[in-house]
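The following pair of complexes shares a single chain, subunit A, combined with subunit B in the former and subunit C in the latter.
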Partner chain A sequence: MISVKGLYHSYSKDDKYAVKNVSFEIPKGEIFGFLGPSGAGKSTTQGILTGLLSLQKGDVSVAGYDIKQIKQEMFNKIGMSFEQSNVYSKLTALENLKFYSRLFDVPTRDPKELIELVGLRGKENIRVGEFSKGMKHRLTFARSMINNPEMWFLDEPTTGLDPAIAANIKDIIREQNNKGITVFLTTHNMYIADELCDRVAFIIDGEIKLIDSPKNLKLRYGKRIVDVEYIDGSAKKKGSFSTVEQKDRDALASILHSKEILTMHTKEATLEEIFIKVTGRGLGVSEAS
Partner chain B sequence: MLNKIWTIFKRDVKVNFREVMPLYIMLAPLMLAIGINLITPGINDTTVNIALIEGENPAQEQCLNEFAHVETFPGEAEVLSRVKERDSLIGILPGDNGYYILAQGNEPESVVEYAKLLNVFFESGVDIENSKASIVEFGETVPPVKKMLVNILLLMIPMLSGMLITLNIVEEKADKTISAINLSPTSRTAFILGKSLTGMMISLVTTVVCILITGFYNVNILLLLLVAAASTVLAMTIGFIQGINNDDVMEAVGSMKLVFLPLAGSVAGYELLSGGWQAFFWWSPFYWSYRANNIILGKEGSAGELLLYTAIIAAICITAYALMLPRIKKGLQ
Partner chain C sequence: MKLLSSIKKELILAARSFYFYIEIGFALIMLAVLLFAVPEHSGARSEEYLYLDLPPAAAKVLIDETLDEDIDGRPQETELKAEGAVYKALLFQTDERDIFLMESEAAAETMTKHKKAIGAVITMDKGELHYKYFLQGYESKRLKNLLLVLHAQDFDTLETRMNEQKVINVDSGHIPLNDRENAIPPLMAFSGSLMSMFIMAAYVSLDRQEGVIKAFAVTASPVSKYLISKMFVLMLTSVISGLIVVAPLMGTKINYALLLLLLLTTGVFASMLGLLTASFFQNITKAFGIIFLPMVLFMLPAIAYYIPGWDPVWVKLIPSYPMLQGFKEIISNGDAMYVLLVSAGFLAAGFVLFLITNNRFRKTLTV
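Moving on to the complex of A and B:
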């Protein structure tokens, strides 16, 4: 569904790349998570894939269309929920969706049904200018489904939503995916990524560090992490050690050998911990939900 | 493509009627038109009304009827009392040596002169076939000040619709909706054309309404619309550029005000400068619009002359549009 080979992008058109040598493939029907700290190049990559940013270097095809020369009709097949909501504040929710649906050449979904789907029932005829941030975000999300896209781009679909609504959005994404829709999901929310994604890519400073399924990542890093609390001199210290990596094994061995151990147990690593482990960096933003 | 242009057009019109600022911009010309009517006498008021004695001279009655609105009364006394009423009505009555003109004294001079002239026409046996002069004379009954004010109003209308385009673009930018449009199978050209259609329709409809309000029923409205359409193209080009370059509504509208400077300059140039100096304004589409409108409103000039002016305006405006289009398209990314 998506194929990216050797993608580079520089906003200043020099060698300061926001995205460097990015390559990946997304087969049809997959939910692909794109994870990385702020400024990593997630939105830039998504911008190129959707044609909002021009392709500078690399080979990219989306839904069977070469991005080098985008054909208008490609947009009938893709949907995009924007990180920052972008709906007309002077139109009502219903008018917004009706207007947008008329811009497509393919059968579109019933605007009312979509509004209800994202929990905005009863708000159809209110002008969006009076909506809260979260409500606008949900409407933007609903709009991205209007043309029954085969390829669905979601940039932070759950940001700023309360946990119950975020869970509702998550269910919608899964439901759509069950119908065979391919999803490119950008998020900071590791729980959602963990639950939804078939595979995730870790991206840092414009480069992809790793692509794998959450399940494989956990097999590799999960359960084999040992949390140790110990006394070092007079201070109480904590540490997490992989039982696979030689460096960690040596460090753990030396602690076991010479320090007084308070507690010690193995545990399942979260995706966030794996991310930190792999990239040496945190995700910066993490959500409560 | 066409139905998408229509969709974009409908949305813009809807939004324009919902907001105070666009509504104000759209209503301003109509208020100005009413204002012009209040401060200058209307053209139809100056159509001369004449009172005659019924059956006194049927040949005279028939002749005058060709040039003016004739009312007949049973006798001299009735004519006298009718003339005394408030409106401008002139009596032409038989006297000792020929006819005499009966007026109240507060009628516009032109009306009295016109009545006298009509009487002379009759007495010297002139009728409408051999009197080209009477048509010119009739044209002169449009007060020149009114013609000038209406003409200036007609120049302003396209500029105001350019402002509406600016407001619509600033709105799209504030809501960040252009990126959503770009992710639909709607080309940037369709987007620009949809918005342009809004500006064009509002400009042309307002022009017609203003013409009707100010009472120019008999002019060639199609020609006026042609001139308006050409300058609307320019106004919208400026409107798009201003919208792209500004993020704030007030700022954007404020910078559109600058356009009124060449507009005023062109009008002043045409009205005040002698023939040779007029060439200094040949670059200005406002100058040509004003000149063309002047002829149309006054029902003067030949078709060829008008066509030439309209062609000049269209050439200037379409060149500007073509030069700016790539910048507009890029700006909407």
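Moving on to the complex of A and C:
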């Protein structure tokens, strides 16, 4: 669905690249997470993929269209949810979606249905200027689905949302993905990436450091340790056991067999820990997932 | 469908934003000023305040001569108020003047000062009339010389000489308009061009602030439709505000088809210039400085308009010059071909600006 080869971009049009030698492929139906801290090159890459930034160097195709010569019809196939909500504040929620629905050449979704889907039912005739930040964000998210996109770009889709609404948004993303929609998810939130993405790319200083599935990354970089809390006689004890070393495995088996277990957790590495390990840098902001 | 939808959206936005009402309000204020503050013939009818310090017989001769010119042949007794005092006066109304015969020299002087008019005291010495004028102090040397010359010879000789003079109007293009009508073309040109430019820049700045241009850029509708829909709203506002000013003042005396044509084509030009200017700036505050430059430049032809003697070639190259002259031709039912040519010129210039602006918007306004 997306093919990027040797992508470079410089805002100053010199050798100070915001994005350098970025290459990746996203097959149809995948949720691909683009993880990186602010200024890493996420938005630049997404800007180029969506035609908002001109392609300077490299080969990029999106939904079967060459980005070098963007055809307007390409936008019938893509949807874009921006990090900063950008809807007309002087129009109502319904007017906003109705307006955008008429800008496509393909069958569009019922604006009222979308408004309901993102939990804004009853607010459709209120001017967006009166909306909270989170409500505006949900409307921006709803708008990105108006044209039934095959390729869906999501930039920080849960930013500023409370956990319940964020969970709703993630459910919608999963539902859409189950219908075969490909998702390009740009975020610095490792929780949402971990939960939703089939594969993630770590980008830092304009370069991709690693691409893999969250599961593989955890297997590769995780410690594979189990923390156990148990009762030994009358005392409460804790222990960490490797799931790889035979000695630890035997000790764990013995505890499981003879002691009363209070708690037991596998200790996997989080994506953020893996990101730090791989890039030597943090992702920055954590937020409600 | 996409364009209609964009236009409909822009109309709703305009109706819900105060910039639209600023332009309509400005037109209404201008109409009120022209109707109630600007007289039709402000310069043609003058007021004079005279005191005749003459023997009764001589005064009667002068009064009788003045009565001959009076419209109804009778003076009106009237009271004039100035500086807290009330003065009695006799009013003689001729075709061109209101002559107030005051009861004292002090009254004539006070009224002259209060009304910023001309006053005079006429006295007699050794059988000859003497004139003392009250002027405001800002009159030109020419007027003062004229008054001196006026009394160098007797009136009969002067009148005979004046009647013998043959006057030829060398400026055949001069179109007589009354003062109120004369004020319409600059208002049309400047409210049309300057206001449209400013309001367009404001509209685009608002859109940039809300980020909706980016959202538009990832739809299957080209940016050109965004620009055209904005331009349409500005043209509509320009036509409405133009008609608000012109229709009540000119009635059915002018060619409205030509007026609409010029309003629309100048609207295209001005809105495209506003869009192009806005494309260089992130917000209206930053655009202010640059917008002022063309605004000041566009005002210069108004000087040439009100001072026909100052009409250098370079002023004629400023777009607001043909705009202004075009509206003048329409208001005076003058040269229709000139209006058509000017309209064609603005349409062509607007089209070129549209191409440049479209290119800039695609490159610069989306990210």
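Here, the second predicted complex is superposed on the first by the 243 of 289 C-alpha atoms of A that agree within 3 Å, B and C clash if a C-alpha of one lies under 4 Å from a C-alpha of the other, contacts with A are read in each partner's own complex, and residues count from 1 in each chain.
We adopt the following convention: a residue touches a chain if its C-beta (ideal position, glycine included) is under 8 Å from a C-beta of that chain, and two chains touch if they have at least 3 such contacts.
Here the structure is a predicted model, which is why all the values come from computation and not from measurement.
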Practice item. Give one word, clash or fit, describing how subunit B and subunit C relate on subunit A after superposing. Key: clash
Practice item. Report for A:Pro214: first if it touches subunit B alone, second if subunit C alone, otherwise both or neither. Key: neither
Exercise for review: State whether A:Gly41 touches subunit B only (first), subunit C only (second), both chains, or neither.
Suggested key: neither
Review point. What is the shared patch of subunit A, the residues that subunit B and subunit C both contact?
Key: 50-52, 72-73, 75-76, 78, 80, 82, 84, 86-91, 95, 99-100, 102-105, 143, 147
Exercise for review: Within their complex, state which residues of subunit B touch subunit A.
Suggested key: 3-4, 7, 11, 14-15, 18-19, 171, 174-177, 179-187, 333
Revision key, fill the gap. In the complex, the residues of subunit C that touch subunit A are 1-2, 5-6, 8-9, 12-13, 16-17, 210-212, 214-222, 363, 366-367
Study note, to complete from the structure: Residue positions on subunit A within touch of subunit B in the complex are 50-52, 72-76, 78, 80, 82, 84, 86-91, 95, 99-100, 102-105, 143, 147
Check your understanding: What residues of subunit A sit close enough to touch subunit C in their complex?
Key -> 47, 50-54, 72-73, 75-76, 78, 80, 82, 84-91, 95, 99-100, 102-106, 140, 143, 147
